[in-house]
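What follows is chain A paired twice: with chain B in the first complex and chain C in the second.
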Partner chain A sequence: MKRQIQVAVVLIVLGGLLTTAAFFMSFYTASVQRFGTYTAEGHVDTVFDIAPSSEQVAGGVTYGRPWLAQKIFYFHVPVALASFLVFTIAAIFAVMFLIKKKKSYDTRSRLAVETSLIFTLATMITGILWTRASWGVWWEWEPRLTTYFILMILMVAYFVLRNSVSDEERRATYAAVFCIIAWIDVPISFMITRLIPSSHPVVFQPGMDVTNLVPFIAAMIGMLGVGYAVYMLRAAEENAEERLDMIREKLEA
Partner chain B sequence: MELIHPTNTELYALVLHDAPFVIAAYGLLWLMFCGYVTFILVRLVKTDKQIALLEDAVAKKG
Partner chain C sequence: MQDERALPVSRKISSWRQFKAILRKDIVMELRTKEMLTSMGLYAILVLLIYYVALSQAGQGFDVTRIAGGLLLLAIVFTSMLGLNRSLVHEQDQGCLEALLLSPIDRPIIFFGKAVGNLIFLLLVQVFVVPLFYFIFLSGGMATEHTGPWWMVALALIVTSIGIAGVGTLLATMSVNTKGKDFILAVLFIPIMFPLLLVAVAALSAVITGDPEYVRIFWTMLGAAAVYDVIMISAAFALYEFILGA
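What follows is the complex of A and B.
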């Protein structure tokens, strides 16, 4: 178990270093991006321009305002993708539980949902700050934000469901079915900005500049490392608690 | 003479208009991860201590 914790801590440190490197690369080496959005007319890249607003300063000189908030995407998108990926893993474990009926798959699925919820909250925080900086509002009920919010609510509901069923086997079965149904929102939320008119930008697209791609990939690897580390730590904690229960039973017997 | 010319201050204020949001987003993200990891590690250490205590009790009983 100690080795598991050591590996997790190393992964978190590496994740921190990679995302910090990506953070600085996004300011120093990445080119300023033009983003695409889908409108009723189709795909356009003019809505989120390099300088969406110009502001008048003293002396009658107008300066274009560099759109600094776009730098949030270099860690907002990797966190969001990691939340989708970890929730997909949770759904896979849920399917495996329903097939094999092994308790360990239920535990793994629950831990993955928990990790995914942490990443979803992180995505929400970074996204809300971007929305406030770029749109001037804290929240907007546009398709991506709405479907992602539903996903977060479903994750919370998953734990509410688990806590409301006392029978262990029934709880695991209901939770697995609920997890699989909730997962349907993942592809919907991911694809929605590409399919229907949405003001949420499509940030990372094929053919993007290598100066944008490098910090994105670095942050993505870092976030996946952190995700795996959080999962490992929770698994170690679960194992320790199971061991504690076993010793207690032994002592009582 | 002033250290920074007033027009420059105004210009930098425009350039860094979104900076607090970018820095807050990155800071909060890591604050959240670090807080959660610390929470798990504290619970793990507590559980480990309890295991050690109970194992001692089992050994004495045995």
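What follows is the complex of A and C.
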């Protein structure tokens, strides 16, 4: 367990360093990012200006679009992708629990959903800041935002469900089943900006500049490192708690 | 003769007969108590009443058709949650679910039996509520006359109801075994059904408002709803066995 914590701390430091490096790269080396947005008229490129003075009108309000807004891309997208990925891992553990009926899989699945919820909240916060800066509104009910919001609600519902079942085995089974059904929203949310008209930009397209790609990948790896560290720390905590319970039982007996 | 005696009893009952038995049990129980249909019907009327309160100050110029699709579906969603909860609380209270599990019935058949039973009750309530909704909100001065054909509305409602009954049966079976029964059902059911509700409202609204392109929008959205139904019901079908076993 001590080893687990050590590895987790190392991962947090490395992940933090990579993310910080990506942050600086996004300011000093990255070129102007072009985003494709799938609109009703077809595929259009949205150029995010680097000039601080560019102004835009949205919802009747004129506001200066800060060039800083575009830089949040290197944080927002890795965090969002990590939340999808970690939730997928949670669903895989849920399937494994249903097949093998081992308690450890249930614990892993739960911890993965917890980690994924942290990422989802981070995505929401960065996303809301970004929409405010680039669309002029805090929130818009557009396909990607809506399905992602639903994903967050589903994760919260997962814990509400867990808390309302007292029998341990039943709780694990219900949670696993719900996790699998809730996961179906992940591909929907991921694909939706590519399928229906939406104002949310689609980032990955052929022709993405290397200067953009490098900080993005660095941030992505950094995020996943931090995520895995959070997961491991929680697992270590869970282990310690279990051992404490066992010791307590022994003392009482 | 000898072959037949060698087989276990359960083998002789075909899946179709098992399915019919479960469905008949639900229908007979409903005919005797009339509990689900009356409570769902009354609840739906109450929802319509609240709609009237919400719209009462909207004024003469307000075009209710623009939100009619959403209002109609909302009434059905609330009513269906009540019905789903009822249908499984019955099983739970009398220890009927355990008896079903002991009987030589295949687990997937139990799922389809319960789901089809719920679907039938939901559709029966709609047969009564949807015309009432039209009568109250869409027949008089509030509405403008440009609706699409009624069978499209019916088709959209049927496709949505299939999804609601299929996934709802699975979620309700889970929620009756939890501490906060109907609350948990709402917490699980609404976000899971959300994508289906969204496309269903788009399809319904296109028909009810008589959008110039309503045929195209209707079939695209209905297709999406059907795909969602297929994915969700196959997932529910595969996972129901685990829920029953827990």
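By definition in this document, the second predicted complex is superposed on the first by the 231 of 253 C-alpha atoms of A that agree within 3 Å, B and C clash if a C-alpha of one lies under 4 Å from a C-alpha of the other, contacts with A are read in each partner's own complex, and residues count from 1 in each chain.
We adopt the following convention: a residue touches a chain if its C-beta (ideal position, glycine included) is under 8 Å from a C-beta of that chain, and two chains touch if they have at least 3 such contacts.
Source: prediction; values computed, not measured.
Using the contact criterion defined above for the overlaid structures, shared-chain residue A:D185 touches chain C, although it does not reach chain B.
Legend: residue contacts after superposition of the two complexes on their common chain; A:V177 is shown touching chain C, with no touch to chain B. When the shared chain is aligned, no partner comes close enough to touch A:A82: not chain B, not chain C.
Legend: residue contacts after superposition of the two complexes on their common chain; A:S164 is shown touching chain C, with no touch to chain B. After overlaying the two complexes on the shared chain, residue contacts for A:M124 are found with neither chain B nor chain C. Chain A has more of its residues touched by B than by the other of chain B and chain C. Once chain A of one complex is fitted onto chain A of the other, the partner contacts of A:A240 are limited to chain B, with no touch recorded for chain C. The interface of chain A with chain B does not overlap its interface with chain C at any residue. Of all the residues in chain C, the ones that touch chain A in their complex are 167, 170, 174, 177-180, 184, 187-188, 191-192, 194-195, 198, 231-232, 235-236, 239, 242-243, 245-246.
Within the complex formed with chain B, the chain A residues making contact are 5, 12, 16, 19, 23, 55, 57-59, 63, 65-69, 71-72, 75-76, 79, 118, 121-122, 125-126, 129-130, 132-134, 226, 229-230, 233-234, 236-237, 240-241, 243-244, 247-248, 250-251. Remark: chain B residues 6-7, 10-11, 14-19, 21-22, 24-26, 28-30, 32-33, 36-37, 40-41, 43-44, 47-48, 50-51, 54-55, 57-58, 61 touch chain A in the complex. Taken in their complex, chain A has these residues touching chain C: 98, 146-147, 150, 153-154, 157, 160-161, 164-166, 169-170, 173-174, 176-178, 180-182, 184-185, 188.
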